[in-house]
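Taking it in order: structure first as structure tokens, then the write-up.
Residue numbering begins at 1 within each chain, and the chains themselves are lettered A, B, C and D in the order written.
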């Protein structure tokens, strides 16, 4: 089974997720600087989520580019990833409107953890299909960055109930860490 | 007429349907566990609908992959399927907000029945265009799973007025039954 | 300049237009038959608009399939068509909520007229680029059906102020007339 | 790394941005001419933004068509451009609802400036990857039109606080100037 339609469908879903988040940016009530002020924390959360979804798209792009073919398990692992990513606009809107609250900050972390788990499962499904000696398997290696991200996201969930700024710092930190695309696969291709 | 643009348009519409459903998940009013609680039944309905639309995408992907060319009748049978799928976000939002009500549960079933009927009509239009001896026709065979689903959905509509939990159980059961992609066509391709 | 990205962009925009219209279908306030009743006229308007946009997509698909290459004028004629189509969800929502009012019915007609004019301009831009002796030019011929539709739409605008049912009848009639794809181009290809 | 998926993702995001803006066109409250009147300034702002996003899509299409391959820096420069474009629906809705206010008009200018800066950065990333002697580099040349637009947009931000009509005139003027696609690259291709 060729991978082109899986890529096209994923591109479509991720493009919509990243774009409909902006519908959560409500038009300010008035036209003064005072009216614009409440938009800034929501906008900052939007920047963070845009970056996360863009990171997923970039890594997904790299991983599927290295893959050669797909099967039914890969299709469903991919749908599972898209499901968790589709919840990003929901937790973005909730956290954006309630910057200083613990529960929305923790909920944001839950969606990030589940997306990371789903990405790992998709990676495993692809590796299983291509075999341990494939070019893709050698390219991915031990994948320390993904493991570190998952550990940090998981830590951010309970920490949101201690102080939500710690969790916010973790989310921004992990985004910065990932903003460089997965060089292992990219290097492999060139 | 080649099938690539039909696939691209269907991918686009289905990707949007599956994603805009999340706009029906309203941001909780506050930031406590109490405020989050009403979101869970809506989220569960969203999971169900996401699964159904993903099943349609997967099967559509398999069927069109096996098809070789399309005609005007196939284009319109496909548009007819997309129409019924486009109503899924509407009935999802209505059922999600009214878990214990009969009419929204029955309306959800009506959209599932009509989508299944539209999918069957699309399959027939494709088979008619490829002939009874085509690879696709042999691959599909008698299609018992589709007939069983249609019978179960149809039963779920009146049963929603007896007890809507029966219908909910049927919807989840059929989704589980279909979560494995159509192996007949997949096997045929490999 | 190849036409593939023009097709992809148009597919994307038309897929979104046809799908976000469903966001205009507001969830019924309650769960009784009485609550569902106001949804039906809106749903009927949605069916009409879905059909119109699907007709445009099908004809656009046929026309660009017959085209061989595009230029800057074609790109802008295409953007102009997409602009008018993008207003369909707006007039659909307005007419759907006010079935018996003249002005929304006339506004719906204005968007249909402008879309038809934009489609004709796009067709001319493509024909100009391919030359009067091209396969596409011979395939289109005098295009009586398009001229008749334009005349009927134009008549429907003032008639909406006489009796809006006349205009509604014209809209449904033209949709039925176009539901068969443009056989001239299709025949040409086979 | 091939450029096809970058094009597909950009097409998807830009198609969604250009289309969801119409969701900002609120259905008139009533059905009289009086009720329709407040829609016109919002509609005019929508026309302006549709044109701007279409200009970006056309130029993006031309530039990537001339490009031969992409790297990680180009992917992120492209995501950065898509981020600023994704804010267009937000400032369009705010300016559309407050035609005579300075701050929304200035905010609109800020998004246009940042989009233009992001486009320039993307162009540089592509040129850096292709080398100063590439066909693309020769085609782009000194790019006076882009520099003039950036200067005009930047001037429009403070001018919105003097008189917002000056800024509106600048926005429409720049749109008219760009409505012809980038002929340098187009000429190069033919």
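Heads up, the rule we're going with is that a contact is a pair of C-beta atoms (placed from the backbone, for glycine too) under 8 Å apart; a residue touches a chain by one contact, two chains touch by 3 or more.
None of the values given here were measured: they were computed from a predicted structure.
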>> Shared numbers divided by all numbers used: is that above or below half for chain C and chain D, i.e. same or different?
In response: different
> What's the chain with its C-alpha centre farthest out from chain D?
Replying inline: B
>> Centroid from C-alpha atoms only, then distance chain A to chain C, rounded to Å. What do you get?
In response: 37
> Roughly how far is chain A from chain D, going centre to centre by Cα mean, in whole Å?
Replying inline: 26
> So which bits of chain B are touching at least two other chains?
Replying inline: 8, 12, 15-16, 20, 23
> Which bits of chain B are touching chain A when the two form their complex?
Replying inline: 7-8, 11-12, 14-16, 18-20, 22-23, 25, 27-28, 31-33, 36, 47, 50, 54, 57-58, 61, 65, 179-181, 183, 186, 189-190
>> Under the stated contact criterion, what part of chain C meets chain D in this complex?
In response: 1-2, 5-6, 8-9, 12-13, 15-17, 20, 23, 71-72, 75-76, 79, 82-83, 86-87, 89-90, 93-94, 97-98, 101-104, 107
